[in-house]
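One chain, subunit A, appears in both complexes that follow, with subunit B as partner in the first and subunit C in the second.
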Partner chain A sequence: MGSTQLPTPRINGTGQHIPEGMESGDPATGMVQLLGPDGTLGTDPVFSDYAKRLEPEQLRGFYADMAKIRRFDQEATALQRQGELALWVPLTGQEAAQIGSGRASQPQDYIFPTYREHGVALTRNVDLSELLKLFRGISNGGWDPKENNFHLYTLVLAAQTLHSVGYAMGIQRDQKLADSAESNEPKAAVISYFGDGASSEGDVHESMVFAASYNAPVVFFCQNNHWAISVPTEVQTKIPLFNRAKGYGFPGIRVDGNDVIAVHAVTEWALEHAREGRGPVLIEAHTYRVGAHTTADDPTKYRLSAEENEWRSKDPLDRLEKYLRAEGLADDAFFEQVKQDGDELAAYVRSTALALQAPDIHDAFAGVYAEAHPLVAEEQAWFREYESGFESEEEAGH
Partner chain B sequence: MTVKKFNLPDVGEGLTEAEIVSWKVKPGDSVAINDVICEIETAKSLVELPSPYAGTVSELLVAEGITVEVGTPIIGISDGAAEAAGGAPAPAAPAAVEPSAPETPMYGKLSQDTTDAGTSDSGPAGGPLVGSGPKADAVRRRPRRTAPSAAAPSAPAPAPVQAAPAPAAAPAPVRPTPSAAASAQPAPAAAAENGAQAAAGLGGTLGATVSGIVSRVLAKPPVRKIARDLGIDLADVTATGARGEVTREDLVSYQAQRDAELDQADSFWGASRKPQEQRVERIPVKGVRKATAKAMVDSAFTAPHVSIFVDVDASRTMEFVKRLKASRDFEGIKVSPLLILAKAVIWAAARNPSVNASWVEDADGKGGAEIQVKHFMNLGIAAATPRGLMVPNIKDAQDLSLKELALALNELATTARAGKTQPAQMQGGTLTITNIGALGIDTGTPIINPGEVAIVAFGTIKQKPWVLDGEVIPRWITTLGGSFDHRVVDGDLSARFMADVAAILEEPALLLD
Partner chain C sequence: MATMTVAKAINEGLRATLSNNAKSLLMGEDIGALGGVYRVTDGLLKDFGPDRVVDSPLAESGIVGTAIGLALRGYRPICEIQFDGFVFPAFNQITTQLAKMHFRSSGRLTVPVVIRIPYGGGIGSIEHHSESPEALFAHTAGLRIITPSNAHDAYWMIQQAVECTDPVIFFEPKRRYWLKGEVDTENPGPASDPFKAHVLREGSDATIVAYGPLVPVALAAASAAAEDGHSIEVIDLRSISPIDFDTVEASVRKTGRLIVAHEAPTFGGIGGEIAARISERAFLHLEAPVIRVGGFHMPYPVAKVEEDYLPDIDKILEALDRSLAY
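The block that comes next holds the complex of A and B.
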């Protein structure tokens, strides 16, 4: 039961699990796109079906989420510039890739973000002000990952890809036990986020090898935002990144990462694929980091504004707004409301962030073991004793 | 009405200072949270700062073009006007929502966002998280409670008793830092604190001594190799490493600066087709340039200068320098002919004291002038620095051994090149050497440093044909130039002084005299 089982020596042809017409998308670019920059909805042999399932309410929700997270991003950047955060990692430009994929996940799925997935955090109902704890330097995490199945940010590039495959393999084993007990638990999968820069790390290779070998229920979601700090994608790879999946023997799909409908469709398909035990999928979301890598970076030093402008014309929010308006699915009142909600969120995040308290040292003892442990309890008691041996700040007269 | 000060934040990771490039607001302007108030330039980038407060700008505390340290208050914003304008601050409700249209937010170009006025009130009392720079991270030790209270819980359990000294002693063996050493003593609070201070003081002087002894330019082998490949003398590079070593980045930026200077040469005449007024570049005279100009004019027009020259066969000096470099005693110390010249000047000044003097007008208060002969040598060395010409001097150079003088010269040069020369180091000079030879110049007529009466110019040393015993042979030849204040130093005296200096360069062994 507890022993590690090697996967059955089944030879999987690369395309075996890929649905009919997997060569979907624009043949010229090999990229799935449904909603073009001009706001018109195109078709795709496979993924149009997924898009058709979306209710107008969901589409409006996508827009609201994207606008909210962009407003949040601006507020956090301002907080950093005001000296309230040590650092901020802006996401602007990548809203569709994050909201689309996050909204395709289900509560039982488990998400491993990098450090830029603020949009995904929003879709997982994480209180956004908690994201700021890490960047304000008062916590190594900030939220309880188990609460929303949204893992803590990982600052070590690509390390989370290994964690996520391990987690997926755990799900796989739990599933086997559950199956034998004929449980009604919904099946779960894992999404592992990483970027074009991290794709060059050995960890990504190792995690894909293991994911493929064990047919782990994991979706590798690569946001190719074209810049690994100052290194362009062309330096990271000679071929589009999604092609790498072929080498590992699982499907790879490239999707227009600024098209929230296509991202949602592709991710939904990939998660179904994984949950049904058909193994991992690599999604490359073709997007762009419009801002800086972090607030400590100055992109004007390594790229041209012409490039930024070109991408701004592909803005994920603009195209969905055009579509919603053209289809009569949303009016001025809706967009005004979204704007107000964004400002409200920004005000909430600002006041909450400024009021954040440094954590208690005793919190550190809370996360050592899952359950109460006598040694930890003893050490905590000792520490409390030791602490009380010092004068308090007031007494010391500082 | 209260005025809130906004301290310059660290907008990158670990920046220590920034220049205020331009202000976007002026006193009296009302600002909302996140309105851009100014643009700053850091070592990393140009960045716009959004206002953390809503209210009226009461004062700008730093002028444009000024570089200030992180943590310096740069603007005062009073919240009075905000209350007056908006009435009672609307609590929580997004009443004050104004069309802020968050278009694509750009790096460093935040759009003018307005959040409701209520937020400024709900901010915490404390200052910003970052914005007080590295100093904010300094470890503060809370004093231990006095012995009784610490020992009080000496209940039956043995744990607390053992516990008290344990945590303090534990870090000592692993981390021999001064503070850890101090905390290792389970002494009362006051004693521990004194100990920490004493240890810190000791650490400071120790560090200085070490850096004084190891005056060879520090750099890791790969950095040395790059420097060699690029033909850069490491001594010319400003070192920023944690232990004063030249880092790879230092080399890169030095090279970039060198390249930039060379690149500019190509475009220098490029403006010739432009209108006349654009063909003249205007550089404001300020700072060191201004001070230098004033000093030179004062000197040249108050002291009648006499300049004389002498060619010297410095071959033996070159041999001497070579031997010193190879000697164990001078291992790791930079030795150059300048060292011998400095020693020669000190030696020659003792034989011709009038060159080490000052002309003081109206010394007695009745209009009578005075010549003050100095029985000490504060030897000035003219140095080109990032901030311009500086003439720091080596105090009481007459008391220094050859080795001590070498160390002093190195330190003076390093400090000057790093632009860290202190005003005190430039005061009280009695005689100056200008080492124009380092730039490949044969000789010149230097202008006397104000307050002194003599200056020696050390020309380049190169092999030239030289007649010795009737035969022409290659020898290492240099030219010494000297300028003297004729009010104090007459022709014969200046000639004898220069001949003495020359004699030492020709035969350094005379120093043993």
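The block that comes next holds the complex of A and C.
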């Protein structure tokens, strides 16, 4: 399979050159892992330096974020089961991939999620109750993407990967203007999320072609959670997905997606690479969707519980908890507080979701076009008239 | 006033846009050094550079998808799809993403992307190079669709498309690229509203509505009918979405008869939409059913028989005869 493909000159997080012969990732699988399932921290010639920069507060923050979003996920699933959401897309199992990558991004970066990036939304300070609007039939979006540079969820698989590259091409042009104006604006990049299933879509291919051709500052972040609803990754690809980057001519990195420290490190590296004008990077985060694809799905029909159990033993929260305790970075009180915070968040999300008001169909008329449109105006006027007919009937009846 | 072809007028319109709007840029296949397969972008790479005139990889979904991203970042991309029949790889991006972005963001996002598509037949070309897919896009809310029929409109309408906050599909009548006309580059005059239909010829006996490549055909049919003593009004629709039904309705209230001509197949087409709306709006003013003249329900046929497929003067005159016979 070969090791993770870093470009030359190969540099680490502190700008030091990596000597020849020292490769990142496991020699057999290419997998970059720092924090193993047993909670011990390993080393990597490139990415250990990123891990060393992490303050204890950040590590505790990673844990708190992961625990929070898992609790949120449970609550949203419960809301769906109680008939309050049409559907829910659970993320449990993928917390490290999402929190690690999201926390590596800077405010000036722009994020294009799929529809499962609840953890990334948390790192971008999106009010999590906004995520439920889509699933409660309130809005097709919810939050203001420009407020936190976190785009709307995209349900048409992989469509957002092209938007990501176009957005990155826009950043590139803005950067040129900023450079000529000697502006101090921080350099930006884009993270484009997609999954192992979506990797088969043509738009992923085209987005990688465009990104490579224009050297666009975009990090493709593929969460390989091993199942596209009921179809395993082996049906999507015959080679490890990160190896596809080689074919497009940019670096590909495979990372243990359940290792929040490694995910954070490789994403920081990739974003720096992109922001500095060195072009796109593909990260394949090896993780697992512990639950169903959506609440409409039944994983017992297509996969073995033994496989699920094996992945549960690689749980991203458990291993960080072991590490934090072993290093004396967090105590019982910390974990108790995290649990309380999670319950508070769940209560907030539940009450906010249940209080969401149905929108007015007239808001829908208003949103079709940005500029006045005679047909929409005519149909809206007709509908108002039609509605008012019922009102006057009611009045007559009373 | 300057005399120029439709292709040159679009070229000059694009040049004006690139000069006036620093956020505008062109994207497409072969639009740079070659200047486009129809030379519509000729010379623009030299004057505006590769960041503004972008030769793209050969991937239509990629062109439109990245244009959406650029628009989200504040740019005004103008995409060229090389031929009508090659827009379909981008159909998903256009209909599920571009058309809906404003709507699904509750109006927070705008995606002012322009998609230029040379369309229509009559040039003796090979498969997939002569199609008229406008109805497929007109059915999609969130898009605007306009099509010029002459050089002056072409010059102004392409610039107006770029200025529009909504996504616009700009259908270029490729067999009229070489049609010359007077262009007033100082003043749009009646072309100031790209979504308004124009009455090109006034008449009292019947109305012909056409757009894009069939406008000269409709005018020629009206002239021929005049020799037989019929006074025919001709309307250039200009905008396919929205449609300026007010102008069409006013004409039909006067003439009582309506023929709609387009190259696209009549089934499920723009002509059917106009017929239905005018029947609703002016039923009692109609002296005859609205008659459509258009393509058959078949894939665009081979070039050697396209003259049988395409609406021409005789087909429009035949439709006029049927209408006037009521």
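Methods note: the second predicted complex is superposed on the first by the 338 of 398 C-alpha atoms of A that agree within 3 Å, B and C clash if a C-alpha of one lies under 4 Å from a C-alpha of the other, contacts with A are read in each partner's own complex, and residues count from 1 in each chain.
Everything below uses one rule, namely that contacts are C-beta pairs under 8 Å (C-beta built on N, C-alpha and C of every residue); 3 or more make two chains touch, one makes a residue touch a chain.
In this text the structure is predicted, and so the values were computed from the model without any measurement.
Touch criterion not met for A:122: it reaches neither subunit B nor subunit C. In the superposed pair of complexes, A:228 makes contact with neither subunit B nor subunit C. In the superposed model, A:168 lies in contact with subunit C only, and not with subunit B. By the touch criterion defined above, A:81 reaches subunit B but does not reach subunit C.
Looking at the shared chain after the overlay, A:202 reaches subunit C, while subunit B stays out of its contact range. When the two structures are aligned on the shared chain, A:136 is found in touch with subunit B, with no touch to subunit C.
Put simply, subunit C touches subunit A in their complex at residues 25, 51, 56-57, 59, 61-62, 64-75, 77, 89, 92-93, 96-97, 100, 102-110, 141-142, 144, 164-166, 195, 241-246.
Across the complex, subunit B meets subunit A through its residues 6-13, 33-34, 44-52, 94, 97, 100-102, 104-108, 110-111, 113-116, 118-119, 122-124, 128-131, 140, 142-145, 149-150, 153, 159-160, 163-164, 167, 189.
Across the complex, subunit B is touched by residues 70-71, 73-75, 77-78, 80-87, 90, 92-93, 136-137, 290-292, 295-301, 312, 315, 339-340, 342-344, 346-347, 350-351, 354-355, 382, 385-386, 389-393, 396, 398 of subunit A. Against subunit C, the residues of subunit A that register as touching in their complex are 110, 139-141, 144-146, 151-152, 154, 156, 159, 161-171, 173-174, 176, 202-203, 206-207, 209-210, 213, 363-364, 366-371, 373-376.
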